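In structure tokens below, several structures.
Consider the two complexes below, in which chain A is the common component and chain B and chain C are the respective partners.
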Partner chain A sequence: MPDRLYRMERPENLRVAHLDSFTAVYHRNSGITHLITAPAPEILATLGEAGMTFTALRETLASAYELGDLDDAALAARLDELVAAGLVSTA
Partner chain B sequence: MSDDAQNDPPKGATSRRALMLGAVGASAIVSIRPALAQTAASVVTCEIPVPDPGRAGNYIAADGSLVPAGTHGAFAPAGKAFKGEDVRIALGGGQLPGTSYEQSRAYTNYIRRLQSGTSGFTCFASLQMPRG
Partner chain C sequence: MRHVFSVRIGPVGFRIGSDWRAPIAQLESLYADYPAPRDGVPDFNVRLFAARPWRRFMRPAVMIGGDFVLPEAAPLPLAQGLLAAEMGMNLQMALGQRRFLLLHASVVERDGRALLMTGISGAGKSTLAALLGARGWRLMGDEFALVDPESGAIHAFPRLVSLKNEAIGVVEAGVPGGRFGPLLAGTPKGDIRHLVPEAAALAAMDKPAEPALILFPRFGFDPAERDVLPSEVFVRLTQASTNYVAIGERGFDALTRIVKTVPARAIDYPDTDSAIAQVEALWAAL
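So, the complex of A and B:
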């Protein structure tokens, strides 16, 4: 898997509201609201605007959280979803 | 932005919170496209059949439930679908066109019980959206 850089969408393009069991993210550019649940908010916060590579993200998550199921395929799937939603961009 | 900062993921926290990445096929995102909002203009003309064509043989009881044809006290299906605007008036306490008072109440109760996937539900849902 190529170690691309993943970066969170610029904060000014997002309106985020933390609700009880999920986070609502309004994406201004598309006009679409995304309801996201763990681990998506944690991945977004970890990536930040600066972004990080897949490997760095995996290591940062593993050190910040007690990952019950560290699985590259699952993490890649979560990232793909965030990219498809426009909340994360790749370079 | 919410002030509810304690829900933010901890950064550099000493006690590590448990986090599951989930299965590959699972999804952590539900996207809400503003499709209903775009239907606002068509609310006046959208239609709600009573009952759903899939259950057209049933009568409508006073509480809006569907009962076998001929059930005493229940009403025969409406001859034609009601327009969104007519339903809006009925939901606000008015009466559906071409119906008696009790009949209109039964039909309106049926419409209130409409669920996703039933014919007319999108129209009914659109009626619930604030006009903006």
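So, the complex of A and C:
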């Protein structure tokens, strides 16, 4: 399976408020508020606008956020949720 | 319509039209000290009307209409016409208000700072606000906190305080000399009696206040208190808002600002004396 590229939704389409272990994200295009928790905020921050492949994302998360216990299946599931919410897009 | 009454409650003007004189007469009496809408133009209209012409006279039943309506709302007997008017006004606010973020909460103010109390029906929001209003606090509202999305300030909406069932006796005893409306027995919400806010609350209704403390009271438990995390406050306030989704990003910005800057506590209380002592202690510790 090719290593897909993931990108965060454009920053101008999001309002982000870090509350505690939860982060509130307002998605301008849908008008929906999402309440997300680790590792979702870290995924968004890491992907950025430039985007990243799945493999690069997993490695960056593991080193930068000590999310080493995040296995491929769990990371893929979280990415699928963020894609479904419109907060992340795939290329 | 045949009978009309206009009133301004805080920043919001209402015009209530009715097929019957009685509800309008009660509104005129209870809202006698309130101003008229600014420039005579109301923000919202409420209509109390008979479903059929003969129902003005035969078993009169009051239908609630207005700019915004709930299609399935059941009519009320004419004896509960005052309640119909109040429900109609609340409905316009809940469904139509776009200028402010609306939180279903009671608000009292002291020294320019606002205390918000929110919780499920029966938690004691109105009761505590009415009692605090007679104990040196300014009542800003017992139903809605109006959050200005730009400044974050709370605007007062001091409509008549709506007391239900056991709360009626508690407030009658706790607010001696209070001006009460008629007892409306056997309404869909039980017994209801309205209290006119103190003159000071009406005189200062155009003065906003900065939110300083959010309480989530719960009646019927041993005294207890706990901090509430910002994320929980955020979720509970979105649930307590009638127009969070409707006003979009402005609501998100207003709410996250409150959640991040205003401390929040959940308090359990067995009786109102205990609740008032808890509130005063928490306020003093801010």
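Heads up, the rule we're going with is that the second predicted complex is superposed on the first by the 89 of 91 C-alpha atoms of A that agree within 3 Å, B and C clash if a C-alpha of one lies under 4 Å from a C-alpha of the other, contacts with A are read in each partner's own complex, and residues count from 1 in each chain.
Convention: a residue touches a chain if its C-beta (ideal position, glycine included) is under 8 Å from a C-beta of that chain, and two chains touch if they have at least 3 such contacts.
This is a predicted model, so every value here is computed, not measured.
After superposition on chain A, the partners chain B and chain C are seen to clash. Once the two complexes are overlaid on the shared chain, A:33 sits against chain B and chain C alike. Considering which of chain B and chain C touches more of chain A, the answer is B.
In the superposition on chain A, A:82 makes contact with chain B only, while chain C stays out of contact range.
Applying the stated contact rule after C-alpha superposition, one finds that A:21 touches chain C and leaves chain B untouched. Overlaid on A, the two complexes show chain B and chain C touching the same residues of chain A, namely 15, 17, 31, 33, 35. Residue ranges on chain A touching chain B, taken from their complex, read 15-18, 23, 31-42, 45-46, 61, 63-71, 73-75, 77-78, 81-82, 85. Across the complex, chain B meets chain A through its residues 1-2, 4, 7-13, 16-34. Remark: chain C residues 229-231, 234-235, 238, 244-245, 248-249, 252-253, 256, 259-260 touch chain A in the complex.
On the side of chain A, the complex with chain C involves touching residues 15, 17, 19-22, 24, 26, 28, 31, 33, 35.
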